[in-house]
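Shared between the two complexes below is subunit A, which pairs with subunit B and subunit C, respectively.
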Partner chain A sequence: MSWVGRSIRRVEDPTLLCGAGMFVGDIGGAAAVRFIRSPVASGLIGGVHGPAYTIADLDADGVGNIEAVLHRPDYVRLAQPLLARERVRYVGEPVAVVVGATAAEAEDLAEQVELDIEPLPAAVGLEAALAPDAPLVHPAESESNVMVAGEMATPGLVEALEAAHVIVELEIVSGRQAALPLEARGSHAVTERFGGRTTLHASIQAPHMVRTVICDLLGMPEADLRVVAPDVGGAFGQKLPLAREDAVLVWLSRRLGRAVAWIEDRSENLMASWHSREQRYRLRAGFDVGAHLEALQADVAANVGAWPCYPITWGVEPLMALAELPGPYTPEHYGVRSRGIASHTCPMSPYRGVSRPVITLALERLMDIAAARLGVDPVEIRRRNLQSDFPHISPTGLRHDEGTYREAMELAVSHVDLGAFRARQSAARAAGGPQPGIGICTFSERTGYGTPAFAARAMGVTPGFENVEMSMDPSGYVTLRIGASPHGQGLETALSQIVADELGTDPSRVRVVASDTDRTPYGWGSFASRAMVLAGGATHLAAQKLAAQLGSLAAEVLEAAADDIVLADGRATVAGTSVGVDIAELARIAHHHTQRLPAGAVPGLSANAGYDPGGTFSNACHVAEVEVDPDTGGVSMRRFVVVEDAGRLINPMIADGQIRGGVAQGIANALLEEVVYDEDGNILTTSLMDYLPPTVAEIPDIEIMHLETLSDATVTGAKGLGEGGTIGAPAAVLNAVNDALAHLGVELNEMPATPERVRAAVRAAAGGNSAGETNRSTQEAPVQ
Partner chain B sequence: MTEISAADVAVPVVLRVNGNEYRISAEPRRTLADALRDDCGLTGTHLGCEHGVCGACTVLLDGEPVRSCLLFAVQAQSAEIRTVEGLAAADGTLHPLQEAFWRHHGLQCGFCTPGFLMLSAGVLETRPDIGDEELREALSSNLCRCTGYQTIVEAVQSVRDAGEA
Partner chain C sequence: MLDDEAGPQRRPAVVAVKPARFAYTAPDTVEDALDVLDRFGDEAKVLSGGQSLVPMMNFRLARPEVIVDIGHLGGLDGMSVSNGALTVGARTIHARLEAPAVTTPDGRSEPLGGVLGSLLPAVARFVGHLPIRVRGTFGGSIAHADPAAEWCILARTLDAEMVALRRGGERAIAAEDFFETVFTTSLAPEELLAAVRLPVLGDDWRTGFCEFSRRAGDFAVVAAMTAVRLELATGVIAEARIGVGGVAGVPVRLGDAEATLMGETPSADLHAAAAESAAGEVDPVGDLHGSLGRARVARARAPGAGASG
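Now for the complex of A and B:
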C-alpha cells in the first residue's frame, strides 16, 4: 500500500492547534526595535534628530549596500542602502531606527525623533511615472523611470497582424495589491557574548539566501550567522526577498551585544513591506476566420516601486510577463515590449502567481472578447486555441510538457452544466434585478523550475537547486533535513509520505528538519510552487539511495540477493517468502554491529541528494459563477469550480487546501483588494478597514476535481500547484462579471472590480463612453 | 522627556486564565493580548492587526468571544478568561474542535487558528444548534489568509453535528 496519494493528517498540526507554535513574536526576551519611516513619498533628508541610528552609523561600520542585479543592458543597477541615504523615495521607507527596553519605550523614543525632510514632487502611478517631465526616482542613476525593459518579436508578426481576419485590442489594468500574510513580518537577533555568533529568527521564506546576503552586507563569514525561520504565519512571496529591516537587526544585535526584536505592525506591513501587481497590459491580437489566435502583440508596463527586491530584482513582474504571456495558447507570432517603471511607491515583490494572474486576466478577457466579436462560444474558442500537441515550445522558447488544457476545460464546463445556467440567465435578464454571470479561465502554471530557468534570467545570484540530507538512526526513525523552508504548506507531511514509500516505513517515523541554516543543507527555500517538486524530488532520490543501503544490508543478514529484497511495512523481506528482518533491526546493525555490514560498506545509514529540474507546467480550468447587481455594482460569488492537473498528488487533502486558499486570494484580488495612493504618494490603505481581505462571507465553497498527468519532467511525477488558485481566479471572476452584464454592453477589464468600477462600467455602457477611461479615474477605496 | 501619565504607571493586575491565577503588574494602557502573551507567557493568542479586524487575538471572556487586542488587561480582572492553551484536556487529549480542525485541514500556517478555535468554541457553547448560515455569519468575524475558509466551516459544522462542543 502506497502512502503517496493518501490524504493523511498533517504532522504539523497538533502544535499549532494547541497554540504551541513558535512564531517570531513569541520568542521574547529582547529589546524592542522601531523603524522611523518617511512620511513623504519623495524628499531630501536634511537631518535626523534624536536618539536614533541612521545610515551614517551603518556607513561608519562599513555596512554595504544591497545590489539586486540582472545582467542585461537595459537594467538600471543600484546600490540600495539599508536605511535611506540623502533621499527618501516612498512613504514608509525606513530612515532611522530606535531601540528601547520595551515596545512602549521604543515607541516613546520614536516620538522623540525628528526627521527634517524637504519634500520633492513625486511620481506615483504608472502614467505619472512615465510622463515626459516625471520626477525621477533615481535621478543620479537613470534619466527616466524605466528601470528594466525587454522586447522581442517573432519574424512575420507585423504581416500576420495585417493579414488577420479580426483584430482585437484590449487594455487590462491590475490594481496594486498586497500579499497580506496574517502574521506580518518580524525578526529577532541575538549575539552570543562569547564567540560572537549571531542567531537571527525571522519570518521569511528563504533562510539560506538571507544568511548569504546579510553576511555579504555586514562583511562577516556565513558560519557566524545562523538564520532560522520559525513558524511563519503565511508569506505568499512577501517574505521571500531580503527585508532591509532584518539586516539592520543583525547589525544592531552585533553592535549593541544584546537581543533585539522587530515585530512589524499591520500598518507598516501594508505601507512598507512589499506590494505587487500594479500592471497595465495593452494587447493587439489577430484571429483568423476560424477564430484561431494567429498573432499576439503586447505592451506591458509594471509599476515596480522605488527599489528592486533582492534577489529577484526589478525584473520579476515585467520579465515574467514577457516570457510567459502566450500562456496556454499557441499564437505563431508573438511580439512584446515589457517595462518595469519606478515610482515613488513601496517596492514590489513577487506575490502568489506573480504576473500570471494579470497575464491570465489579459488572455482570458481577450478570448471572451474575441469570441463575442467572432460569434463563437467562449468554450469553443478556447477549444480551438489551447495547446494539445506536446511538448509545446512557446514563441519565447518555453517547453510545455504534457498537460490537459482541453480536457480540464471540458470536464469543468460539463460539471457546471452550462446549458442550465444559460436558461437561468435568460430568465434573470427578463426579470431584471441582480444578474447571474459565468466565467471560464484556462491557464498554465509554470512550476518546479531549477537553475536553468533562473540562469536564463541572468540574475546576480542564480537560485535553483534543492538539497536534502537523509539519515536513519539506530531506532529506525528517519531524519530528513531539507534546504526548502515550508511555512504552512504541509510539506513536512508530504515529504514523509514519499520517504515512507521508498523505505517501507511509516510516515510517523519520519522527522523533517527545515528552516534553520545550522541544521539543514543549503537550499533556496519555498517559493514559486517549487518545494514539492524540488525538495520532493531530492527526497525521492535520497530515499532511493537509503533504500539501496538497507537492501544490501538486508541481503547480507538474510543471505539473499540484494535485488530480491523488498522494503514494506517496516520489514525487509526476501521477495516471495516470509523470510525477513525488521528495518529497525537493520538500523541497529548499521550502527551498533558494523562487523556485520557487507565488506566495504560505510557504517551508519545516510544519503544526500540534490535535485535541479528544468521545470514543468501544471494546468487548470476555473469556472466562476457570480451575481452582479447593476444598480449597486455589488458582486457576489455563487459558485466556483476548479479542475486541476498538477501531476501526481502526494497528499490530495493538502493539494486541495493550496487550491482553495489560492482561489480565495484570487477572488479577493478580483473584487476587493487594492492598495491606494493619493497623487502625492500618501498611502490611503494602511489598515484592514481600508485594505479588504475576504472573510468567509465572500468566499464560496470551491468544488475541485483532479486530472493527473504524470510529468516526465519531474522524478516524482508531481508538478506543483501552490500559485494556481490565485492565477486563475481573477480572470474567471472578471469574465463572469462581464458575462453577467454583457446584455448591457458592459466591458470591465480592470481589477479589482469594486462596486465603484462596476457602476462606472455600467454607466459608461449606458452613455456610450469608453469604459476604460471611466474606470481609470475611479480611485476611491473599495467598500465591502 | 515625555510626561508620565497615569496610563504609564504599572498597577497590580490579577488575571484568571484557563483556571489559573496570574498576578502581574501592568500599565492601565496594556492590552489584554499583550498581558496574556508577554506577562502570562501564553503566546498562543496571536496578533494579526491590533486594530480589531482580524480576530487572531480572540479569547473567551466569561464564555464570550472577544478581541483581546481591543481590551485592556485591567478590564478583564474579574472575568474567567479562556485561551487556546486551555482547550486541550490536561492529559493532552485534544478538544473536539482541535480534532476537527486537524481532520478537516482547517489550518495551514496556523496563525489564525487559535482565534478561530476560540471563536468557534464560544459560538458552539452558547448556540450548540446554530444553523449553517448563522455559523458562517459568526465565523465571518475572523480572517484566515491561507485556507479559503471552507475547511474551517466544515470542521466547526462537524463538531456541531456531533454535539461535542
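Now for the complex of A and C:
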C-alpha cells in the first residue's frame, strides 16, 4: 500500500495547535529594536537628531548596498542602502533605528528622535508616476519612473488583429494588496561573545539566500552567520525578499555585542513591509467568427513602488505578466508591452500568485465579455479556446505539459448545475432585491520551476535547484535535511510519505530538518509553488539511492540478488519468498557491523540528491456564486467550487488546505482587501479596521474536486498548487458580480469590487447621473 | 521541524506592549473610583473592557496619565427592571445582552422578555466578535461614543438615560445631550458612567435594526434602528423613532422620517416614503469604505428590514 496519495495527519499540527510553536517573538532575551520610518512619501533628509543609528553609522562600518538587478537593457540598476540615505521615497521607509530594553522603552526612544526632512512632491498612483512631469523616484539614476520595460510581439500580430471578426477592448485594474501574514515580520540576532559567530532567527522563507546577501552586505564569511527560520506564521511571498531590517539586526547585534530583536507590528507590516498587485492591463483581443481568440495585444503597467526587492527585483510582476498572459488559451498572435513603474509608495514583493490573479482576471473578464459580444455561452467560448493538445508551446515559448483545462471546466459546471442556477436567477430578477450571479474562471498555474526558468530572467543571482541530504540512523529512522524552508504548508508530512514509499518504512520514522543554515544543505527555500516538486523530487531521488544501498546490504545479508530485494512494511525481503530482514536490522549492520558490508561499500546509510526541473503547469477551474445588492453595493459569497489538477497528489488533505487558504485570500482580493494611499502618499490603511482581511463569515464552504494528470515534467508526477486558489478566485468572483448585474448593463473590471465601486458601476450603467446620491436615490426603484 | 539541539529555549519574550508610561489603579469600591476620578480629573481615564482604549494606548493615540480600572468593582454589572425602565449596569459585557437576564427584586435571575428582550440580542450579535463581546462592556461602548456603535444608536433611538456618578452626587443625562461628537460625551472628567436606563417598550411596540458593514463584526458603515408604537385599535402609528449611526459625529434621530410615519397606517408605500425622507435627512461624511450614500440609509428602513422585535 502506498503512503503517497493518503491524507495522513500533519506532523506539524500538534505543536502549532497546542500553542507550542516557537516563533521569533517567543525567543526573548533581547533588547527591543524600533525602526524610525519616514512620515512623508518623498523628501530630502536634512538631519536625524536623537539617540538613533542612521545610515552614517552603517556607512562608517563599511556596510554595503543592496543590488537587486536584472541583466537586461531596459532595467534601471540601483544601489539601495539599508537605511534611507539623503532621500526618503515612501511613507514607512526606515530612516533610523533605536534600541531599548523593552518595546515600550524603544517607543519612548523613538519619540525622542527628530527627523528633519524637507518634503518634496510625490508620485503615488500609476497615472501620477507616468505623467510627463511626474516627480522622479530615482532622479539620479533614471529620467523617468519606468524601471523595467519588456516588449515582444509575434510576427503577424497587427494583421491578425485587422482580420479579426470581433475586437474586444478591455481595461482591468487591480488595487494594491498586502499579503498580510498572521505573524508579521520579525528577527532576533545574537552574536557569540567569543568567536563572533552570529545567529539570526527571522520570519523568512529562504534562510540560505538571506545568509548569503547579509554576509555580502556586511563583508563577513557565510560560515560566521547562522540563519534560522523558526516557526513562521504565514509568509505568502512577503517574507521571500531580503528585509532591510533583518540585515540591520545582524549589524546591530555585532556592533553592540548583545542580543537584539525586532518584532514588526501590524501597522508597520501594512505600511512598510511589502505590497503587491497594483496593476493595470489594457487588452485588445481579436476573435474569429467561431469565437476563437486569434490575437491578443496587451499593455501592462505595474506600480512597483520605490525600490526593487532582492533577489526577485521589481521585474517580477510586469515580466511575469509579459511571459504568462496568454494563460490557458491559445492565441496564435500575441504582443505585449509590460512596464514596471516606480512610485513613492511601499516596494512590492511577490504575493501568492504574483501577477497571475490579475492576468487571470484580465483573461477571464475578456472571455465573458467576448462571449456576450459574440452571442456565445461563457462555457462554450472557453471550451473552444482552452488548450487541449500537449505539450502546448505558448507564444512566449513556455512549455505547458499535459493538463485538463476543458475537463476541469466541464466537471465544475456540471457540479454546480448551471441550469438550475439560471432558473433561480430569473426568478430573482423578476422579484428585484439582491441578485445572484455566477462566475467561471479557468487558468493555468506555472509551478515547480528550477534554474532554467530563473536563468531566463537574467537575475543578479539565479535561484533554482533544491538539494536534500538523507541518512538512516542505526535505529532505522530517517533524517531528511532539506534546503527548502516550509512554513506551514505541511511539507514535512508530505516528504515523509515519499520517503516511506521508497524505503518501505513508515512516515512516522522520518524526521525532516529544515530552515536552519547550520543543519541543512544550501537551497532556495519555499516560494513559487515549488517545494513539493523540487524538494519532493530531490527527496524521491535520494530515497531511491538509499533504497539501493539497503537493497545491496539486504542482498549480502540474505545471500540473494540485489534486484530481487523488495522493501516494504519495514522489511527487506527476497521477492516471492518470506525470507527477509528488518530494515532496522540492516541499519544496525550498516553502522555497527560494517565488516558485513559488501566489499568497497561506504559505512553508514546516506544519500544526497538534487533536483532542478524546468517546470510544470497545474490547471484548475473555479466557479463562484455571489449575491449582489444593487442598492448597497454589498456582495456576499454564496458558493465556491474548485476543480483542481495538480498532477499526483501526495497528501490530498494538504492539497485541499492549500486550495482553501488560497481561495480565501483570492476572495478577499476580489472584494475586501486594498491598500489605499492619498494623493500625497500617506497610507490610509494601517490597521485591520481599514485593511480588511476576511473573517470566516465572508468565506463560503469551498467544494473541491481533483483530477490527477501525472506530469511528465517532474520525477514524482506532482505539480505545484500553492498559489492556484489565489490565482483563480478573483476572476471567478468578479465574473459572478458582473453576471449578477448583467441585466442592469453593469460592467465592473476593477478589484476589489467594493460596495462603492459596485454602486458606481450600477450608477454608470443607469445613465451616469453625476448629480449626487440624493437624485440617484430618488431615481432608484423603491427598495423592496 | 525538529527541536534545535543548541537553539533557543522559550524565555520571557520581548515585552510587546507599547503604551506611553501611565499610572494604574484598580479601586475596590465605586466610592474609591470616584475619589480617584475626582482627584485626577481629565488626567484619568476609566478602563472597563479595554477593547477600544487599550489599542488606542498601544498606538499612543491615547496617553492617559492614570488608568482607573473598574474591572474589580462590584455592583456595576447586570440588568434589572424598575419604574418602567431597564437598567443596564455599565460593566455588563456585550455577551450578556445576547441572552439578557434581569435580576428580580428578590434576587432571582430571569430572562428579559418583551420587545427589549428580543431587540437586545438582535442588536448584540452585530457588536464585534465573540472575544470582544466577552470582554467589552455596554457602558464602555456608550462612554467611548463611537457614532457607528450599535449601543450608541440604540441609546439615542430609544432616548436612554445615562446615569453618571460623581463624588457625592449623581445625575441622569438624556441621550440627546450625552453624545456630543465623535468619541466625545458630556460626561465630566470626574464622572463615572454607572448605568444606562432604557425605557421598557410595551407589547404595542415594534422595532427593527439593520446594519451594513464590510465584514461580520465590523463597526457599521451605516446602521439604523426603528421603533414604532402602534395604536392597536386603529392600526396607526402613534409613536415613531428612527435612529441612524455612521452618518455623522453622533448617532442621529431622523425627525422628518419619524414625522412621515406618525398617524399613518403601515404599508409598503409609507415605508418607502419614510425611507425617502430618511435619505434626505442625512449627509454622510465619506470615509475609506465609501462616500456612502443615502441609498444605504434608505435601505435600512422601517419595520420589516433586519431584526424585528
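Keep in mind that, in the parts below, the second predicted complex is superposed on the first by the 767 of 784 C-alpha atoms of A that agree within 3 Å, B and C clash if a C-alpha of one lies under 4 Å from a C-alpha of the other, contacts with A are read in each partner's own complex, and residues count from 1 in each chain.
FYI, a contact is a pair of C-beta atoms (placed from the backbone, for glycine too) under 8 Å apart; a residue touches a chain by one contact, two chains touch by 3 or more.
These numbers were taken from a predicted model, which means no experiment stands behind them.
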Touched partner set for A:D231, first subunit B, second subunit C, both or neither: both
First, second, both or neither for A:D516, with subunit B first and subunit C second: second
Partner chain in contact with A:H706 - subunit B first, subunit C second, else both or neither: neither
Which superposed partner A:R9 touches (first subunit B, second subunit C, both, neither): first
First, second, both or neither for A:Q489, with subunit B first and subunit C second: first
First (subunit B), second (subunit C), both or neither touched by A:I654: first
Touching partner for A:A697 - first (subunit B), second (subunit C), both, neither: both
Subunit B versus subunit C as contact partner of A:V663, first or second or both or neither: first
First (subunit B), second (subunit C), both or neither touched by A:C18: first
Overlapping contact positions on subunit A, where the subunit C interface meets the subunit B interface: 12, 25-26, 28, 104, 108, 231, 265, 687, 689, 695, 697
Subunit B-facing residues of subunit A, complex: 9-10, 12-21, 23, 25-26, 28, 104, 108, 111-112, 180-184, 231-234, 236, 265-266, 487-490, 653-654, 656-657, 660-665, 687-689, 693, 695-697, 699, 701-702, 725
Interface residues, subunit B side, partner subunit A - complex: 2, 8, 27, 29, 37-38, 42-51, 53-54, 56, 83-85, 87-88, 94, 98, 101-103, 105, 107-114, 117, 136-137, 139-153
Touch list for subunit C against partner subunit A, complex: 1-2, 4, 7-8, 10-21, 59-60, 129, 212, 214-219, 221, 268, 272, 275-276, 279-280, 288-296, 298-299, 301
Of all residues in subunit A, those that touch subunit C in their complex: 12, 22, 25-30, 32, 102-104, 107-108, 188, 201, 228, 230-231, 261, 263, 265, 267, 486, 492, 511-516, 629, 631-634, 672, 676, 684-685, 687, 689-690, 692, 694-695, 697-698, 754-756, 759, 773-774, 776-778, 780, 782-783
